[in-house]
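I am attaching a structure below and will ask some questions about it afterwards.
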Amino acid sequence: MKNTYGDLISLTIFGESHGPAIGAVLDGMAAGCPVDEEFIAACMDKRRARGDGLSTARVEADRVQILSGVWQGRTTGTPITLMIQNQNTRSGDYAKTADLLRPGHADYTAYAKYHGFQDARGGGHFSGRVTAGLVAGGAILLKALEAAGVRISTHVARCAGVSDTPFALDDPAELEKQLDALKANPEGLALLDEAVRQPMQQAIRAAGSEGDSVGGILETAILGLPAGVGEPYFDSLESKLAHIAFSTPAVKGIEFGAGFGFAEMRGSEANDPFRVDETGRIYTATNRNAGINGGIANGMPVVFRTAVKPTPSIYKPQQTVDYIARKNAELSIQGRHDPCILARAAIVQSCAAALAAADLMTIRYGEGWMTRPGDYRRQEGC
Amino acid sequence: MKNTYGDLISLTIFGESHGPAIGAVLDGMAAGCPVDEEFIAACMDKRRARGDGLSTARVEADRVQILSGVWQGRTTGTPITLMIQNQNTRSGDYAKTADLLRPGHADYTAYAKYHGFQDARGGGHFSGRVTAGLVAGGAILLKALEAAGVRISTHVARCAGVSDTPFALDDPAELEKQLDALKANPEGLALLDEAVRQPMQQAIRAAGSEGDSVGGILETAILGLPAGVGEPYFDSLESKLAHIAFSTPAVKGIEFGAGFGFAEMRGSEANDPFRVDETGRIYTATNRNAGINGGIANGMPVVFRTAVKPTPSIYKPQQTVDYIARKNAELSIQGRHDPCILARAAIVQSCAAALAAADLMTIRYGEGWMTRPGDYRRQEGC
Amino acid sequence: MKNTYGDLISLTIFGESHGPAIGAVLDGMAAGCPVDEEFIAACMDKRRARGDGLSTARVEADRVQILSGVWQGRTTGTPITLMIQNQNTRSGDYAKTADLLRPGHADYTAYAKYHGFQDARGGGHFSGRVTAGLVAGGAILLKALEAAGVRISTHVARCAGVSDTPFALDDPAELEKQLDALKANPEGLALLDEAVRQPMQQAIRAAGSEGDSVGGILETAILGLPAGVGEPYFDSLESKLAHIAFSTPAVKGIEFGAGFGFAEMRGSEANDPFRVDETGRIYTATNRNAGINGGIANGMPVVFRTAVKPTPSIYKPQQTVDYIARKNAELSIQGRHDPCILARAAIVQSCAAALAAADLMTIRYGEGWMTRPGDYRRQEGC
Amino acid sequence: MKNTYGDLISLTIFGESHGPAIGAVLDGMAAGCPVDEEFIAACMDKRRARGDGLSTARVEADRVQILSGVWQGRTTGTPITLMIQNQNTRSGDYAKTADLLRPGHADYTAYAKYHGFQDARGGGHFSGRVTAGLVAGGAILLKALEAAGVRISTHVARCAGVSDTPFALDDPAELEKQLDALKANPEGLALLDEAVRQPMQQAIRAAGSEGDSVGGILETAILGLPAGVGEPYFDSLESKLAHIAFSTPAVKGIEFGAGFGFAEMRGSEANDPFRVDETGRIYTATNRNAGINGGIANGMPVVFRTAVKPTPSIYKPQQTVDYIARKNAELSIQGRHDPCILARAAIVQSCAAALAAADLMTIRYGEGWMTRPGDYRRQEGC
């Protein structure tokens, strides 16, 4: 469905940037899962703008109100409605140039689709602000996954020409340490290498001070996903993760493990050799396939990278069209904008991944009533 | 659903490599659409192996039998079942090494998921052969889309270190000529630049002769998709296209337009300026966003590239594990394999894109009864 | 999905009786449809309790707040979130007997499903109160359908042993007059025959005064549904209408047209003869099949009846079980209850029907891009 | 989706009466479930016509070919494709009267929906023959459910004015005996009371000999469904069962437990008192709610009745319309028809119920990874 993701764990997202409220309905959670409102607030805080020259000056507390589905700190098993009231709206900033299509934004496509009836104020439903609902719902899932042994985290792998240390794709123990380090990060950019923080911030602020913006790459790791999660064809782990990654604004590319690097490889390099440890546990010696074979988790870390385009809202004058007058025009965008959204987008991407992972785990476990644990058959004659 | 893609135009895929048959059920087509069995056969022929050193020696005619939903050359409006009988199966090739997990394949994940009950012969449901059903169904959609003014085509943008001319992303007229040229291509690799054919073939055969395989990049263009197709959040054009692209085997990355190149850009470069022509039609001067803003088509060509990993089946000896004995082992894969699947995968990617595009167009048109043509409102006070 | 109905027009419902708010998210509406807040309020008012001896003394204004998807009185094309804050909650009434399972209620099944984590206050998510979200969303659809020529209305066909005049199933013109009459009804029971009002009210109040409750039958008519709406197999008109009718509390039976009466008929009585009028329009002389053949609308009125069981909350002492102590016990329910819910349930049933009809119309129109108007082929050789 | 039912256990149905084949794709089964081809054949045999004056003279063996998803007698976890080739087709019977709309059939609605492109031969996709795919898939589920302790069976509760003994709704032990008795039934009508067989057969044949047909009531029992299966709102047990019951041809009504009888009851009669036995197991003393409270199974037998209209194909002359000439006409249907379909429809209804039950059980078990067995919390302060 249009604004709903997921089959068993589903999230329906709603709201416009300058409407009364934004939010989400999370359905499919079992009853009894702890809901940690402080953790939700901490996730919302990561998504929040800070007015620090790295993100927009529209700073909102984004307090999440839980309207349903949670009681006495636990899920009740019924739909969880999460609402964030909009407060700091300044629609006036947009009114002056309402007919001028902002390049890189959804203004023109919204006209094409909604015939002028869209709520265009502040980007409306297309505003990055709408991801707040995804974060609120994703935060609940991140905790539930953690309780089930699955950890998810995202860092800014590259931004404004500066690169962070990549995730240790092949080494679950080292990766675990990296996830711990990210937990301890100061507010702002999620980075593995602290030495990178200052140069990256400077490069972002430099672009901002020129009335411009920058793009970058986010890298997300899912650690502890059990082998066997994911479906063979249309509900493959890559399909589900990519689907929701591209649902978040500004993402224009995704790659798993070696990704586009596979194009330059031979099979003998691309294949990850299987090995068995002394406990009989199977793993792969390398992890170029990012923990996924045939669309299904193999127990190694799942790692993917997304290309995030520069914020389309820039102060520099741009060529565009007056939609109503049907004339070429020049536009200088006013309002408050992020010179770079990667700092804020990292938590969004973790939450998106949590939704995909939680849905696939639920689909996987659904078959429980049909099978008996320990049932196993050796392949013969195949 | 697990093996079904699409909301209104849906495709359910079935079959195992060495079972009686593979195929698909295509549902949601209107009644009265022409079904051109010759065109279906031609598409199947493009997916077919040729035993020419570029693809596997398992050559099958892959004749599509239409079991339902078509009568007197037209769709009837009911589910269209497309069946391809398996013929040239040599399960014996696999039996000898059935317990040795093939690196890069789904052998281990299938064990983890199906507890040994999977039909592992020839890769079973994970075989690239299962894409035949997608091509059969996609061929019907490609024709229906063409009748509605939407053309889709794919070429091998890069393979074995050799690059083809890229699609003319910014120039619909030039792109149209490129699609015409691809139509006229000889069998084998779909290429825009004929001068590239021989070096690319040689590079592939070289890898094959060393018992190895190569990867590459496919590039797909959708021309003529009307502005307004796609949904704002979870059913974005990128989400739907990426979802199904990752459902086809060996795809490990996707990027739209400038894709990962956006990471290195500033907003002033990344934004495509809007322009209006003398007829009042709006277009963009560049097309780095690949015809998509906010998840919705803007009328410019939609172009994306996928990273295809090298065929995991290689003759070179590989390190692996005996699943049953839980011991490290060495594996030399026998059987018949493609040193490179890009020649065959191009039509698969076009068909996948057709399914995504057709589904979104159907969702878009569903609202017809609620609106009156020409209804339009100018934004005010936003 | 669990709490979401519909494929293209979807409604996600949320909330608990004593939580902060209840409501719904309506997705899939085209942009530009008028949203009449007064009409929504009027529908909510019909569902509202009145404390008049016919319904519960828990009287709430049930003001609907629109959080998203509507701007300047029209749909924007994005999800419409409708919230109703809970106000008049008296959880204390329930606390005293919280461990005693109320017969006919979901108390026991909620324990079985949610392991004690359900929000049991006032019935929680199982409260009839949750239908308020369905009415809020349905009201918007009722108006959109009316603009498309489709009218839906429900009356109390039978209650407490007293019957109203049935809908004129066979006679669209007479049925239209009946729908007009229902529009002009005073508040309370929706009735075609005013002479029935007083005896029915008396019979309901008589049961209430004995600490008991009564059931009855609702009858719903859909007038103007175009021939061709509905799908042949799993999305048949009957399937979709029955699905959502049984989603509303207390419904335990549904029949279309002659319904269970068909069991006593012969085919020669059951078949509705086709006739053609002077304009070439085809209709049926009788309408025992309720405007549906093969799951698809034939253009005649769609009429169905639902059996509504008596309100399970009664003051009379009942035998039950203490769930925690696992002992037999006696329960005297306190709190505020309806001796009969049919007066309030009529609008709920109309809204449910509106959702099913709107979804099927949207599915039907989705095929528009594939076909050309006027395309038609005569059957030959069949 | 149009021809697909189910979220996690899904069945996609395909085929036309006189096309090459009919069948179904069953997806979502766990790997390793036994597939008993003899049992499938036995179920198909129950659905089969016998040419015995009770059903049509079109007698087909209806051999089910399994094209995918089963290997060495067990499910592989991938989609199971079931195909039945059509053999005994006599399209000529229909050609003569192809333009005359058969009353009670989908001829007119098919024209309205498919604009003349439907495959109208023998009723096409609307033929009762299409239920063969549902039976083939349902047979696999019936076995899987039985292995999980859930038994489903259907008998002809009433037909041609003759009634069978009803199911012992309130008494699981007695009901179990009734299900055993049905297993031992001779071929033909499924009946609990053998004394009823001859009079019912005679009454059916009497109608048939007059060129007419008869309707009736089927009653289905689901025994052993665990308490907690079903979802609170849109995926209620009643909703899911009714949805699929109305997807099978000729069903025009459904009621659960006391059903329409609830309309005449008071709450004190309608509520089923809870009781606890010496083992601490909770049950209800009566079972008027048919094992369902708030849409969720309470552990008591689930019993429902469907109204089946008389076969619309009758030999008696009928008034109708020539669709092409747009003139009133008289029709005498030729071909081979059932004077009564209840004998054959009983297994169809059991299979439909199996699909609904299996899907809801799978949805229910999906939450497994989020919860720990034994987690339980007493309600406080509610």
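Just a few scattered comments:
All chains are identified by letter, namely A, B, C and D, in their written order; residue positions are counted from 1 within each chain.
As a working rule, a contact is a pair of C-beta atoms (placed from the backbone, for glycine too) under 8 Å apart; a residue touches a chain by one contact, two chains touch by 3 or more.
Predicted model, so just to flag it, every value in this text is computed and none were measured.
Using mean Cα coordinates as chain centres, the one most removed from subunit D is A. When the C-beta contacts at B-C and at A-B are tallied, the pair with the greater total is A-B. Taking shared numbers over all numbers used, the subunit C to subunit D interface scores over half, which places it in the same class. Centroid to centroid, with C-alpha atoms defining each point, subunit B and subunit C lie 44 Å apart.
Taking the mean of the C-alpha atoms as each chain's centre, subunit A and subunit B sit 25 Å apart.
Of all residues in subunit B, those touching 2 or more other chains are 1-4, 7-8, 13, 28, 31-32, 74, 78, 113, 115-119, 125, 232, 363-364, 371, 375, 377, 380, listed in ascending order.
Interface residues of subunit A facing subunit C in the complex, by the touch rule stated above, are 1-4, 6-8, 10, 12-16, 19-23, 25, 27-28, 31-32, 65-69, 71, 74-81, 83, 113-119, 124-125. Within the complex, the subunit D residues that touch subunit A are 7-8, 28-33, 72, 74, 78, 144, 147-148, 232, 361-371, 375, 377.
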